[in-house]
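Have a look at these structures, which come just after this line.
Common to both upcoming complexes is subunit A, partnered first by subunit B, then by subunit C.
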Partner chain A sequence: MYSEKKNFEKNQINQPASGITRRNFAIGAGAGFVSLSLSNLLFSSLSMAAQPKKGGKLVYAGSYLNSKHKSLKNAKHPYYGIEIRTRNTYNALTWVDEELNVVPEIATDWESNQGQDVWEVTIREDVKFHDGRPLTVEDVIASYNLHKDKKLGTSFVKKLVDKIEKVSTNKVRFFLKSPSSEFAWNLAEYRQAIMPAAPLDEMGFLGIGSGPYKFAKIDVGRRVIYEANEDYWGKGPYLDTLECVNLPGTNPLNGYLSGQFDVLAAVDPSLINQLSATPNTKIDIAKAGDQIMMVLPKYEGSPFMDKRVRQALTLALDREAIIRIVFGGKTGWASNDTHMAPFNEDFLAKEPRNIPKAKQLLAEAGFENGITLPTFYYAPYVPEITRVLSVAAESVKEAGITMKIEERPMAGYRKWRVENKEKTTKHRFAMGPVGPRNPAMNLFRMARPTYNESGYWHPSAEGDRYIELYEKAMRTGDPIARRNIYHDMQRILQNDVPAIFLTGRRETIAFRSNVHGLKAHSQHWSLRFNEVWKS
Partner chain B sequence: MLIAILRRVGLSLIIICLVAVLVFLATEVLPGDALDVFLTSDDLMTMEAEDIEALRHEYGLDKPAVERFWQWFSGVVVGDFGVTFIDKTPVSDVIWDPLLNSLLLATVITLIAIPVALAIGILTGYYRGRKADSMVSSLAIIGYSIPDFVIGTLLIMFFAVWIPIFPALILVFADASVLELLKVSLMPAVTVIIGHVAHLSRLLRVGFIEAMNCEFVERARLSGIPEKRIVFRHALPASVIPSLNSMALFIGNLLSGLIVIEKVFGYPGLGLQLLEAVDKREVHVVQAVTFLGAVLVIGMNLLADLAIIILDPRVRSHKHE
Partner chain C sequence: MSNKSVLDVLTHSPGTSIGVFLVAIHLLSALFGFLFVPYGPTELAGVSLLAPGSPGFSLGTDVIGRDYLTRLVLGGRTSIFVAMLGVMIAVVSGGLIGVSAAYIGGFYDDVIMRLVDIKLSIPGILFVALCVVGFGRSIPVLTIVIAINYMPGALRIIRSQAMTQVPLDYVKSARLRGDSKLSVIVRELCPNVLEVVVVEFAIRTSSAILAVSALSFLGLGISPPTPDWGLMVYEGIQQIYFAPWLVLFPAFLISTLVIGLNFATDGLANALGLDAARGLD
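Now for the complex of A and B:
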């Protein structure tokens, strides 16, 4: 058996070398932030030292509405609730922390076989569900039988998990359909909640989990109120009541300014300055967040069939200008034409902007007088997206590229993306947001030559090589060896440019200065409130 | 008179059917469907095109538009608004609480707006040409010219952010009690009332001035009838009649007019439900809400016609003829 636990420990040790701990980040960035007149910004870590106080109510406004949330009858289910931050009520086997390391939750450790397709996971024995029942391996097995169910289950598990069996009273064994060297990260996904065993079609509807808060009241599509789980096995919860408000299309800023909310859980970058000037307000900025991707529609007659055009476009884009103009230099990051986040050790920096080379590539492709690209359609997933694409379009003009952009409604974006069901490779839609995950999951998004709905990949020799490398990485237990493979994969993407990744936002939260223990998370869905308290 | 009313009711039913067809066509033009909204990027990452088509078939989204429309409309005829596409929740369950909330807000607005407009209209009409009339008339024009969402935003800025005495957003549950809703409904109500009072009071002022200039008022004065009696017993009923249709339309349009305000304040009403349904491509919910709106407008128009018949002897005698 190969011990994945060792990998976990290694990652933990390596992390400071790769970048920054939260404390170091706070200290190091402090001077810069002061010089930017953000004098009232204080990082939550500084207040972490104080003794947590129990009691009180915290109301936060979240802006990531779960598209699966429809009605009261399934609103407590981990798949269908209004709040995709399911960790309020549920636990999964693992959790991805603010540094994007996988850490234990219900699982205490995990290890895989040499082939990376059988994983044994040990679970905690001191966990109770909200109804007082102890959480057992039978519950874990039942939960994963639901998650992998073809009709009722959830995407990642359906694809990956073949079966799960009991090894002992505190250990389960997963048999995977194909090797997955980063399976532990997968177990942290927000829908993979551990619930009390029950018939599959009944599981999850009662909202009983083992998380720090219990469901108290739900207003479909708008609000959910939680109350503290006094028997929680981990740290906290310190608040008596936690409330999530998610009013679709309504600006939560007014609610914050008028004192109705304690926390804005996802802040539009354009509001940072205003919020910074708001009294008694702290802002915490994560290292990364969702990034903005441009699908390059590849169909007969499309200029994007020519690799040189795709390369020219990515070389002409001024990502630094986008970060400066749209994100004020603080809340954005430059991506590398893959889904990887820059602070990840496996991230491979891309070639910088190069206008002469972009022009040369266009000339070689027969566009020496410049090129007008097909219109890029996009939906307003994040408020800053129009600004990002506008700056992008302006920046490529220098290389003789005319890039038209047009907004389309959120709900209809897939129809704009795909011309019809028979011609799924004939993309119309040209942009999508993607959240940061671990390298395996990030890079898998491009590894789909057979189904091209999202337009990430046009079948090609490079595509085949990419898939080969991906499969090899999934069989490779050693993280250092895997990193080399990931770098090769990123080189392919950067050379072939099947899609362009413009920039990403750094997830930002704003909260009142009497709120403590709250940290922004690059994965907005992984934000936890169990250690949050109010003074 | 009965035949006239029956004719109006029949015409109203035809209009409602046409509205239902138009709404359906409008929702068909929108790109995407309920499944498009339901599936996340993560779902798509692990799904094949055939999987999506199978789901579309399972939810009945691949049925021809005419079949889907007929299935819904034949249910409506017997009082069944159908179910939502993805989770099969009865549409009536989805819209019931928001409908009651919107009706409550509309009632509050009506109960305040019409008497206030009447009072202002009569006073400014009676004291026409004076400073107070000029000032109120100018304010009315301003009030009428500013869109509701601007008034709402200004009220939020003044009374929720700068002087925090009211909530900027309405955080009550959709099934909240009437009392809870009333407590937080003042700002949304005032937002709508300002514009409508301005509009209605202008109409009433003109009607009142016309009535006061009529021959029967002059004769009443010459007969020595007290001024108060002339105003309230003779001029007022005559001045209200021209505004009745406007008042009926105002009430009838309140539900649709509240959409913007519900969005600005986050009021848990039918307007917000409609916007959400459009976003989620829940065509049956959109149709049901629009259908109810159309019924309300048509119903209020009918009531206005009846009121005119009752209040205006000229119309009554004309009908009798």
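Now for the complex of A and C:
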């Protein structure tokens, strides 16, 4: 190219002052042809970038293994999916998009009565299951009968839904046990899949959904291969094959760097800068992600029975240091001692770190010379967890608090951390991962005094007041009025500190530059691949 | 062999000298290193992932900005302590039981040796890992588990040495004098198997250090944020493509300590006229 250009310039300089020689005409025509060809090529590639291409295979790797994905018998069931990413094969009535809005999926519309306890949901009529059967109102009713079943169902629906009935060929009515002004968010939960009607104990095991991909092959606990559902009602799918690989530790990263995988999920924040500099790699960071909850067990003999100790601990934690050091200032956020995340408009920032006040509270509680807390246990739910807790443990030293940390294996962790299974209040001082949701669902978790993952309340007036406020919010249709109630609820949590919420992560994915249409999602279980394609 | 000749062998064999030197350096660093390190082992002193040679951080910083030199100097302390204490308990208790089994014999010996066979049939690292998962990752748990793991092997070797001593005249004399069994075991047999006990201790300590490091690497050993070489390799492995020194430095230190211990043990065994090359049970 360089020599051609040089010759062209030389010829221009040497050309006669008058007229165009045959040689110059030939060169000019050639150059014009080359320019046209190049521009054509360029514009065609640009148009290719905008136009999804069909075909190909995409492999994504992560380490979010659903501990219930244990056998071939249940591996296709929406409750036991390998990574709780049921959205490849199943649809729910609604979906939470990347901007954290609740949007239609199988439902096109939803409406509640004045009391917020009866909801009518209109469903799409152009949806087919993977076996070719049309999805009907009867399937929605059967699916929710499973979800609300006392023995087999899902926690949200069991607690919320009393009854569901058919209104017309495209409309169902939900009767709730108690009002829920944000019920549409509940409908988006990952286990609330719509499946073909069948006896309850058989539903879901065949893996037939209405999602963009169908099950093709399962290697239990390690890998699932999906193939495209050509009859999908929505956009896409564009890929022929989608493969989900679940591997522990550094294996996903190694596989990605060696070219085995196209997408690396749940990227360790310490690797973001390096991965950004890796050739042909794009990084996408979601608005939020899981946060770390510290359950403060409250039973006789526990230091956390004293509110001042709980308050001192949260005031001593240096959340800003964690965000700066572990998340490079970019991919982490400071929690506010509730289940809320900052993307929630109703998020109420908490009182900043205050070491003198923490020391004073400890002194008032009888720990003038500092306090040694029980060992704090955690499991490696996210790759940066040890670093987050190391910085946390170091930061509280300044207030005279010694907090030893100890990692436990993932296997069996959830059960292990409750010391006394009969009595959930006998819980270890241990972490729980919390996924980001809307205010109603976030604050709902704290409205259950015995729910052991929620940093339950020791019986107290504040706890009763909190539950009253929650019930009021759920009866309130007006979002502005609800927001005020949510603020009051958060103030109670921040003052009483039934649990500590440390920091949250922003879900980050890394993928090859030839992968298009993929966006990181704050709820890693809501990530969808129907509009993803490869060039 | 006299003490002089033991010292001669230790100082005249280049391999042994190197081994003793390496072990001495590591022990001194573990014991007194805290006096010379520039920062606290968990102190967040700098920014993350500074390369070696950065101002104020001669060996750089780890992924959350802790001084890597400090953590390396202090990183052997816990492993060495756990391994040495655990193996000492294993060798002393195994030695006493082994000598008593050799002397008493009969049913008692049979029961002891079958229990040893059962324990030796379980892979060591698996046994330790299972115990740590069940009872937690605390230092007392690790120490006791290491002791239990290494006791049967030491017991068998020491028992076989004691078996060679039991028929000798000095043991018969003690028995004819009317000494109690305990007295014969403690006063006559134990001093005569001491050389084997010393070599057993040295050999098994190097193996135990590797085991503790391996456990930490697997996330089952020493808990963060305590500095530990195995744990540091585990923590650095995520960054191996971008900051390989995070893995190389602690791996180098583990290797030098284990090589040093092995060289020193070989020399010691030779000096004592024993065969250290028979390997671990």
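Observations, loosely collected:
To be clear about the criterion, the second predicted complex is superposed on the first by the 466 of 535 C-alpha atoms of A that agree within 3 Å, B and C clash if a C-alpha of one lies under 4 Å from a C-alpha of the other, contacts with A are read in each partner's own complex, and residues count from 1 in each chain.
Heads up, the rule we're going with is that a contact is a pair of C-beta atoms (placed from the backbone, for glycine too) under 8 Å apart; a residue touches a chain by one contact, two chains touch by 3 or more.
Please read all numbers here as calculations on a predicted model, not as lab measurements.
In the superposition on chain A, A:G211 makes contact with neither subunit B nor subunit C.
Once chain A of one complex is fitted onto chain A of the other, the partner contacts of A:T386 are limited to subunit C, with no touch recorded for subunit B.
Residue contacts after overlaying the shared chain place A:P78 against neither subunit B nor subunit C.
Of the two partners subunit B and subunit C, more subunit A residues are in touch with B.
In the superposition on chain A, A:G332 contacts neither subunit B nor subunit C. By the touch criterion defined above, A:R223 lies against subunit B but remains apart from subunit C after alignment on the C-alpha atoms of chain A. Of the two partner chains, neither subunit B nor subunit C is touched by A:G62.
Residue contacts after overlaying the shared chain place A:Q260 against subunit B, while subunit C stays out of touching range.
Applying the stated contact rule after C-alpha superposition, one finds that A:P409 touches each of subunit B and subunit C.
After overlaying the two complexes on the shared chain, residue contacts for A:T250 are found with subunit B and with subunit C alike. Residue overlap on subunit A between its contacts with subunit B in one complex and with subunit C in the other: 249-250, 257, 409. Contact residues of subunit A toward subunit B in the complex are 59, 67-68, 70-71, 73-74, 80, 155-156, 158-159, 217, 219-223, 245, 247-250, 252, 254-255, 257-260, 408-416, 421, 424, 432-434, 444-445, 448, 450-451, 453-454. On subunit A, the positions that touch subunit C within their shared complex are 249-250, 253, 257, 268, 270-271, 274, 321, 325-326, 328, 380, 383, 386-387, 389-391, 393-394, 404-407, 409. In the complex of the two chains, the subunit C residues touching subunit A come out as 42-44, 47-49, 63-65, 133, 136-138, 219-220, 223-225, 235, 237-242. The touching residues of subunit B, counted against subunit A in their complex, run 30-32, 36-49, 52-53, 84, 86-87, 89, 93-94, 156, 160-161, 164, 167-169, 171, 173-175, 263-266, 268, 272, 275-276, 278-281.
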